[in-house]
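Reading through the structure tokens given below for one structure.
Chain IDs A, B and C follow the sequence of writing; residue 1 opens each chain.
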Amino acid sequence: MKTFQREITLPAFPRGFHLITQMIAREMPEISRISAGILHVFIQHTSASLTVNENADPTVRDDFEAYFNQAVPEEEPYFLHTSEGPDDMPAHIKASLMGSSVSIPITKGHVNLGTWQGIYLCEHRDRGGSRRLVVTASGS
Amino acid sequence: MKTFQREITLPAFPRGFHLITQMIAREMPEISRISAGILHVFIQHTSASLTVNENADPTVRDDFEAYFNQAVPEEEPYFLHTSEGPDDMPAHIKASLMGSSVSIPITKGHVNLGTWQGIYLCEHRDRGGSRRLVVTASGS
Amino acid sequence: MKTFQREITLPAFPRGFHLITQMIAREMPEISRISAGILHVFIQHTSASLTVNENADPTVRDDFEAYFNQAVPEEEPYFLHTSEGPDDMPAHIKASLMGSSVSIPITKGHVNLGTWQGIYLCEHRDRGGSRRLVVTASGS
């Protein structure tokens, strides 16, 4: 059993859902040295999140953005935490709905995603800036 | 520390929420050889998902299906990704709301769920077909 | 590689969202002996859950409670599982929306959360009582 861990900084992405699978795999070449294990990706922020979803059609990511904007509206009259702007409190809620980490099996030196799966960075702020991830690969 | 990993194929389930705890435990008998660790279950699809919830009353699973159908309606006028049918884009969103994996402690050779907990397969498509899981048990 | 695991019982919290980061770190001092790994926290219940979110402004937690109460209303006419009270079925749904576990990197003997991140206990019942967690720290 071995563990590899690295902090990586993503460039600023616009608000929305973005595929980052290749970026992560590139930053953690030691995945190739694990025959069976887990890749854990964690985002150190509370207004951006991670999920696994469809990797082919970009309109899926557009529909995610449209859905979550109506499911968690800005300017809800009952929101108290409003000092950082109308996109802030919805961003916190969306982040917990999606989650702060994804974990994916590593099999025979590869991230064992399904054919149509990719890792999404979910940027919930209008100007979230660059985001820090902690990537941990462990296994035998 | 040791790691056991296996890919398993679930039979086709109808749309809805289904208990699969026993099916998973049966496919990974090596859980009995781990005194403290983690069982990780990952689904290799983007329109079905996994969660942990109540294992006793089947109406809980019926209420999940009813709730998510109204929380993520089909035929939203703004959906762009519609070519695979009206149940497809909602299935992607529900899958990310629930998540593509669950991870559960292993304690003294057993999956350490609470008394009322079970693992749900969440089938979000009308005809999702069989689904592939990657199950990883690791620990000492 | 090593694994430390402990079951801990949280005191009863009122319905709502509560920071429990320090409580967990205190119960698992062996985190200091891991240079790179994962802290996994699991809740053995189906009407309370765990998430990672903002650790500073208590109104964020208030807004979470307000948002989830309107997103998953009590007394939905279609709910079948109502025998345990109007707060029960919404609690199950909220629990799966948030999730039954969080996993966070451990780096150089510390839980590697972002500056503004904390672990929330999400108590979805009016009188949930004390809650049991299983905390697992593993790594090298």
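Everything below uses one rule, namely that a residue touches a chain if its C-beta (ideal position, glycine included) is under 8 Å from a C-beta of that chain, and two chains touch if they have at least 3 such contacts.
Quick caveat: nothing in here was measured; it's all calculated off a predicted structure.
Participant: At the chain A/chain B interface, shared numbers over all numbers used: above half (same) or below half (different)?
Facilitator: Mostly different residues: under half of the interface numbers shared.
Participant: Chain B and chain C share one sequence, so how far apart are they rotationally when you fit their Cα atoms? Give it in degrees, rounded to a multiple of 5.
Facilitator: Resulting rotation angle: about 120 degrees.
Participant: Using mean CA coordinates as chain centres, what's the chain A-chain B distance in Å?
Facilitator: Spacing between the chain centres: roughly 19 Å.
Participant: Touching two or more other chains, which residues of chain A qualify?
Facilitator: 1, 71, 97, 99, 103, 138
Participant: Over in the complex, which chain B residues touch chain A? Could you list them?
Facilitator: 1-5, 7, 40, 42-46, 71-72, 76, 78-81, 89, 92-93, 95-97, 99-101, 103, 132, 134, 136, 138
Participant: With touch defined as at the start, can you tell me which chain A residues reach chain B in the complex?
Facilitator: By the definition above, chain A touches chain B via 1, 36-38, 51-54, 57, 59-60, 62-64, 66-67, 71, 97-99, 102-105, 107, 112-117, 120, 138-140.
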